[in-house]
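Input: a single structure, listed below in structure tokens.
Letters A, B, C, D and E name the chains as they come in the text, with residue numbers starting at 1 for each one.
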Amino acid sequence: MNWEQLLLVSILLSSLIPGIIIFGLPEERHRLRTILNLCGAVVKISLIVIMDIGIYLGHTFEIRMPLIPGVELLLNGDPLSALFATLSSVLWLLTTIYAVGYLEDSPNRSHFFGYFSLCVTVTIGIALAGNLVTFLLFYEMLTLTTYPLVIHRGTDKSLRAGRNYLIYAFSGGAVFLIAVIWLQNVVGPVDFSATGFSPGFTDSHGTVLALIFVLLILGIGVKAALVPLHGWLPQAMVAPAPVSALLHAVAVVKAGAFGIVRIVLDVYGAQNLLLLGVLPLLGGIATITILYGSLRALQQDNLKRLLAFSTISQVSYIALGMSLVDQPLAVIGGLVHLVHQGLMKITLFFCAGNLAETLGIHHISKMNGVARRMPLTMAAFTIGALGMIGIPPTVGFVSKWYLGLGSLAAGNWWLLGILAISSLLNGCYFLPILIRAWFGKQQESWPEELYVGRFETRLMLLLPPLITAFTVMAAGAVANAQISPLAWVRFIVREYGL
Amino acid sequence: MPKTRNRHKRLDGFQRLFLLLVVCLITLLGCILSTIPNSAPGLADAVARLQERSGVKSPVTAVLLNFRAYDTMLEVVVLLLAVIGSWSLTKSPLPEQDTDISPVQMGVVRLLAPVMCLVAAYLVWQGSHLAGGAFQGGAILGAAGVLILVSDFPWIRTIPALPLRIGLVLGPLFFVGIALCCLFFTGKLLGYPEGTAGWLILLIEAACALSIGITLASLFAGGRPDNTMKKIQPPAKHPPGKSL
Amino acid sequence: MITTLLYSMTGLILFGMGLFTLIVHSHPLRKILAVNVMSTGVFLILIATAYTPLGQGEVDPVPHAMVLTGIVVSVSVTALALILACRVQETSNLDLLKKKTVPETAKESTT
Amino acid sequence: MIAADLQTVAYASILALVAGTPLIFAACSCTPFQKRVVRFLPLATVPALLAPFTVPVDMVVEVPWFFMGGRMGLDQTGRIFLSLSALIWFLASFSSRRILKNDTGQRQFHVFFLTAMTGNFGLILASGMLGYYLFFALMSFAAYGLVVHKATDNALQAGRIYLTLVMIGEVALFTALILLVHNTGGLAIEDIAGISYQPLTLILLFIGFGVKIGALPLHGWMTSAYQETPIPAAAVLAGAMVNAGILGWLRFLPLGQTSCPTAAVLFIAVGAVAALYGVIIGLKCRQAGAVLGASSISQMGLITVIFGLGLFDHKAGFHAAPVLMVYVVHHSLAKSSLFFGYDLVERQGKILSHLQIAAILLPALGLAGLPFTSGAIAKTAFKDLTATLGNPWYGLGTFFLPLTATTTTMLMLHFIRILKYGTGTGNPAGKRESGTIFTVSVIATGAILWLWPASRDSAILSLAGMTLLQSLWPVTAGFLLYLVWSPIFSAKKGLPDDHKKQTLFDLILETVARILKGIEWPQSRQDVLFTHLYRIVPQLRRSEKIMGRWKVIGISYLALCLCLLFLLL
Amino acid sequence: MIFLNVDNPSWMITPIIVPLTAGLLCFLFQRKTFAIALSAVLVNLLAACFLIGQLLTCGPMRYSMGGWQAPLGITLRTDGPAVLMLLMTGVTGFAITLYARGYFSFRIDDPGGTDRHQQQQRYFWPLWLLLLAGLNGLFLSNDIFNLYITLEIIGISAASLAALSGKPAARLASFRYLLSSLLGSLTFLLGIVFLYKSCGLLDLDLLRNLTENGPGVRAALALMSVGLLLKTALVPMHFWLPPAHANALAPVSAILSALVIKGSFYLLFRLWFEVFASSITTEALNVMGGLGAGAILWGAIQAMRQHRLKLMVAYSTVSQLGYLFVAFPLSRAADNAQVWSIVIFMAMAHACAKSAMFMSAGTIFLHFGHDRIQDLTGVRASLPITVLAYGIAGVTLMGLPPSGAFIAKWLLLSWALASCQWWWVLVIIAGSAMAMIYVFRVISRFIVIPEGFSSQKLEFHSRLLEWPALALALISLLLGLVAPWLLHILAKGSIDLTQILPGGLP
């Protein structure tokens, strides 16, 4: 085992081991638990950064483990997985800090943080998966590890949400499984590669491959919350805020989107997809999802529910970018949105959690003038929301810009219109919140003021959203720099030879 | 009682259908059975050829205790299992109080039991060349046991459990022991050394017959002896006795 | 040949009769007896296979041995089944036995 | 070599400071040092005031890492706009410093004020399309904070309208930019030169920047926003920020390099209508800010017309550009002076002195083009332009321009009348500063066009007798007409306040919102499904019971036997 | 000592003789029974491992009892599937033994019914060890009549074990179990009679080498199959399984569900795919597959509606058995070793997972005194490891990667798609989805700790009650990762059998 392989394994272990230890810790040892969590996160980030550098320098990171003929587990660090892994690990660190603050004094923390660590292990596994089987393995495990988090509150409502989440997720997983097996039957074992499988198959098995593609997208679309399959996401917002942040920005939805990227870029490859002619379908679904999510978000009063619908809408940008896979600009836009959406959405969820945890505010109608009570939180929220709308210099603009250019380059004028409408709709549901919070008349009292202290809220709740909000701004403002998500995505696209 | 009700009722629809199906199946099987050509060689020739080396004269005994002794060994275990199973289920429902035994019965038992033991021993011995053997002998022994059991001798209830268990296990254990010894000496499980087959078989048969006899009697007794738990269990309630 | 067939057919018919009783009658004792009849039927056919017309070779001892073994097994199982049936009858509600089918309580009851 | 590098670095840092200083100030006003920062508020504009005179023209500094490739520089146009904006911001920051001292939302106001300033300066410096867009957006959204600062219902409503239009503008601009970049292939503004525009791009650009200048269908925000914004902020809104729209057009449809007759007609038509329509709106208003807003609509209409004229061909563009600049400078200074005057009145809280009325009249009638004012110079330049362009447009100069002058006169008189009889709140704190600022601004309005080399030709021309007469009669006509209008207006006093009535725009907005919110989406059916499923549970239990009956077992046993027998035989 | 050589086939009798002897001794001594049983299962496990090693080095082996070769004598043999089944039995048996120790000591500590529990423990050990011997005999035996006897050993001991809890319901269930098992055995025996009448042979290898199979052989196959199906409890003949498994003591449930059923299935599978492979028709395979599909769906549906944990687990066994049968019609798309691999993976994964589940259910039952799913909220607080074991086992039942069941399902789906039989795909997927529902219905109760929930402090707590279950669950989960190794063993085991001379000479 060379150092590259060792690194891959230790990346996975760096959160798995703390997770397992945490399960065994008694409830009272919260300091040790926090230290373990944070150490794990920091170690993981450093390891992943090392891997990133290694990848940039051209090292190969690969572990193979054959299971049965044609089926093998393959961990592979390529630029794309580095992107997702870096995003997840960094956001995990922040979410962990946030969760420590959020769950202060609440019961069952060992359990919570244990699953939390497992969850991120699995997410990194998804990032590092080198073929569809490995991806499937971690994809299913993701459902398992997030489920206890979703139902963590233990109320009937959360149980119902958990049930629906499971049903959706496993149905999707089942369809995905069928598709993967079918694909292997047709084209043999497929590793993720820059070109996808040989175009010869497309000539001979066109219809079947197109059907498989549809199945794959359907299967993975459940987690990515593409429109007819999105039902679980708004319900899952009953989970605690760190979990929502995790679901929406770090792990689940992102894993779905990442899966779409993998399928489009690495399994099928641009050339095959163009020959098969299934891309308009993906584009169509993505478009519908973008519009539908935004329209539904308009009607929500519950803040987290609104954010959930906004996620549905935003994540489809990634799918949209992938549907224009022959346009490097669109691919850049889609890929970079993977990171950008994560940053923005996690900020928003952190802030929503802060409102709920500090003042007991769950509904937009109760947010009048809240910015005077919690200016920093609302500033972060504002940045996130503006990013969602796509106002420069936030990262949201960068993604939209590339998507727009890409869709024009592909000759799809109407997609530009969709982007414009989506931005407008985003404005329609985010701006009123901001207005209400900043300029609304403050009420007599807040629903339940839970925290009164030196800062507007606990420091551990305050810092993560500020950091992410700053990143939302900074990553946009220095988008063209040598080290930025955009730069890395360009590197990826170069690697794919687009 | 359900018995009487069943008798007077005519068959309902389901039963007719079932009957029809059974008849169909039996007919079909019968047809198949009758079409099987009688050309199958069977194993008779093989047995005949190897009879010499089996150490016994009776072909059935040779098959049972030499050629396919492994089957027999397991089968003895099956019997023992039945006892263990019945013991695990319940205590023996022997009557609590002494009852009067009619002198005639007493006399018959006293007369018959030794005779039966003798017959059993004869059957076991005879098994090496004629019909007979451990099972037959064991059956007779068992019958003797049953006879004693139905006679309600008071001492039956006081038979300690350990000797009983030893008696039950003796046959199978002896069988396995011999088998292992054979393994040790010849390298084959149950591969009797040259020339010793005859008396080894007889030994096994004797042990098994004893065990089978006790087994059958114990099965008839319908449960574990009462005193197995004596140390722990105060002599409390008996399950409502019900002999078969 | 005819003899073999006769025995075999008788065995088969016994098997069928036992089967019919086993299914149709609900009393445990009858069921046990039915199984016994079935096994007798099977043994009968087995014994019949050992038959060889006179002068065409030895009688096949293997089926004999098998039947012996089978009988022993059958005895054991019958004994166990009887004891079990007794215990069931003792401990379970008498109504259950009056019902035509074996009751469902076995499945649904809790401790 | 090193010296040259150093020089570049120096220039780059000056340019960066122009936009950066207000941002730093904004950041500082979030800190506890806010009070001290506010005291030095005008300092934020100092780099911007200095930059036009230090940085050489047409130098471009590349900042590749910044936001998808930053480029900044100062060309001739930028220089004019920067000086102009810097001046107005400078004055306004003095004013706002004092005025808002005791206000509760002071901090908030200053953050927005300074951020808007950053945006305004930044967009002038930006020489990349995205940079322009970035600062434009920054300015637009920050200005929202100024509009709603009073946090009254009226202010919020004004803000809502403003924000909606800004959103529409932003999205249109975004789309237009993507179309442009797709066309040019580069992100620098120079790349735009000489490309052919698609109609969609033109329309989107018109909308994108038209919102800012209140071009006709997008004018809805102007009156209410100018009224509700705190007056110093309104001054920059009307004097400086509005120009961002014009600059946007100049940058993205560079005059002299664009020829697009269709667009020209569009611009001229819209502008002409706006020039008159603005006055009609304004005459009905009974609040000074709103009247100034309406006047801005009208004046911007004129500027649109000038811009439209320049779009015909390269030559026309070449002629129109200086005229446009002159007019922009004139309008900005005059309009901000009027706001500062209004500010003074508000602070005084009492009726104006005659001197003050006269001082206000100078920029007011200057807008109408009274001889010897900056307006006269600007209008002369305009007329000159129409003359140069020849026949179809010559009429504009002879008929249309006097007409607007007449109407503007009416509007300005209306404004003064409102000021005179309006009730100021009275805030003696900043009275003296306010007076000084007003004086400076009036002087600037009066003097700059006379001194400015670019407008000197027109200035001299405007002194010609015929020209004097030509610019005098419309003003007189306007004065007379206003005498007629004034009693009619007074009779309508019973009308509700301007903002209370629902504008058409509001109506549309609400309808759309209602439709969007009212769409009945299919509710998730999972729970219904489960209830249905639970209903079959007893059925299942029963069937499992039946499956457990001996007779069923018997049948299935036999069936299986027969089936396998048949199948295997 | 010549017979201590590695390549001596005599080693293969160890898994039979050792538990057999130990069972007898347990019955005889009734003291130190746990020590005897533990050493026996340990030796059994080691022997299984050893046999695997032997198989890998020396290839498949056959062993003639008493030196009498087929067709007269009885032969045993090792091949890939057999040793893997032995391994499965060994591992599961070892864990169950440990668990049973914890279980009985817990029960005996319970002042309520000391003597009864002691009694149960006393008879449990011999019955269990003899059952183990019977199972190992079944896996190794190569003689059809000997197989019948092992089946009987299994049947009798299993029925006795099922009745061991002494509850009326358990006795009734056990009675039904015994009767149906008897019916199955008799049908099997009738099949043997037909077979013997047609061929005069009992040795499986010889039977396989028969060139032509007449109607007698086919009828025999049909009869034996039906008998075995009855013992395997394939729907619609599953009626005896859920009550028997659910009402037994927890270790017994684990034994019955994990091992006993696999025995008869293994035999059935061997008959169909090795011995009589040439007589099998596609239609018959489809019928089996159809029954399997029915089992998957019906079992899962019933499991979903259960209110008691153990019943639910028992019905899930009914459902999981179906997967084994769905492999039948798909076998035409694959070769022999592949068919085996699917069944072995499924059986091993299910054995480990199901016993882990029953153990967990038993532990929960012990601690809470009931197993009503509705009232099991917050079990995690008091029994975290048990809940974890249950959850992991549930993951295996659902067939999620990397469990062995996943590998099996992967292969199943792969063949189904390769041979365009998509309806099996639907069934398999539906079964997995329903498994998800019934597994998580319980898990969500377990792991949710509602507000204000105070966890019970448990008085008795034995590590033996929790860790074996967890170990088994983990094994079942990680089974997929050792798949290449298992496949290697299977591939090694399937070689052409040498022609066997008739006569039975030593």
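A few notes on this one:
We adopt the following convention: contacts are C-beta pairs under 8 Å (C-beta built on N, C-alpha and C of every residue); 3 or more make two chains touch, one makes a residue touch a chain.
None of these values were measured; they are calculated from a predicted model.
Considering every other chain in turn, the ones in contact with both chain B and chain D prove to be C, E. The innermost chain, defined by the distance from its C-alpha mean to the mean of all protein C-alpha atoms, is A. Counting C-beta pairs in contact, the chain pair with the largest number is B-E.
When every chain is reduced to the mean of its CA atoms, the largest separation from chain B belongs to D. Centre-to-centre separation of chain C and chain E, using mean CA positions: 26 Å. Taking each chain's centre as the average of its CA atoms, chain A and chain B sit 71 Å apart.
We define each chain's centre as the mean of its Cα atoms; on that basis chain C and chain D are separated by 99 Å. Centroids of chain A and chain C (each the mean of its C-alpha atoms) stand 66 Å apart. Looking at chain B, one finds that residues 15, 18, 22, 25, 29, 32-33, 42-43, 47, 63, 68, 71, 75, 78, 81-82, 85, 89 touch two or more other chains. With touch defined as above, residues shared between interfaces to two or more other chains in chain C number as follows: 15, 19, 22-24, 26, 45, 49, 60, 62, 69, 73, 76-77, 80, 84, 87, 102, 107. Counting partners per residue, chain A has 167 as the residues that reach two or more other chains.
If you check each pair of chains against the touch rule, the ones that pass are A-D, A-E, B-C, B-D, B-E, C-D, C-E, D-E. The part of chain E that touches chain C in the complex is made up of residues 72, 145, 149, 152, 155-156, 159-160, 163, 167-176, 178-179, 182-183, 185-186, 189-190, 192-193, 196-197, 200, 202, 242-243, 246-247, 308, 311, 369-370, 372.
For chain C in complex with chain B, the residues that touch the partner chain are 1, 4-5, 8-9, 12-13, 15-16, 19-20, 23-27, 30, 45, 49-50, 52, 57-62, 64-65, 68-69, 71-73, 75-77, 79-80, 82-84, 86-87, 90, 97-98, 100. Residues of chain B that touch chain D in their complex: 14-15, 17-18, 21-22, 24-25, 28-29, 32. Those residues of chain D whose C-beta lies close enough to touch chain C in the complex are 545, 548-551, 553-554, 557-558. Here chain B touches chain E in the complex through residues 29, 32-33, 35-37, 40-43, 46-47, 49-50, 63, 66-71, 74-75, 77-78, 80-82, 84-85, 87-89, 165-166, 168-169, 172-173, 176, 179-180, 182-183, 186-192, 229, 232-233, going by the rule given at the top.
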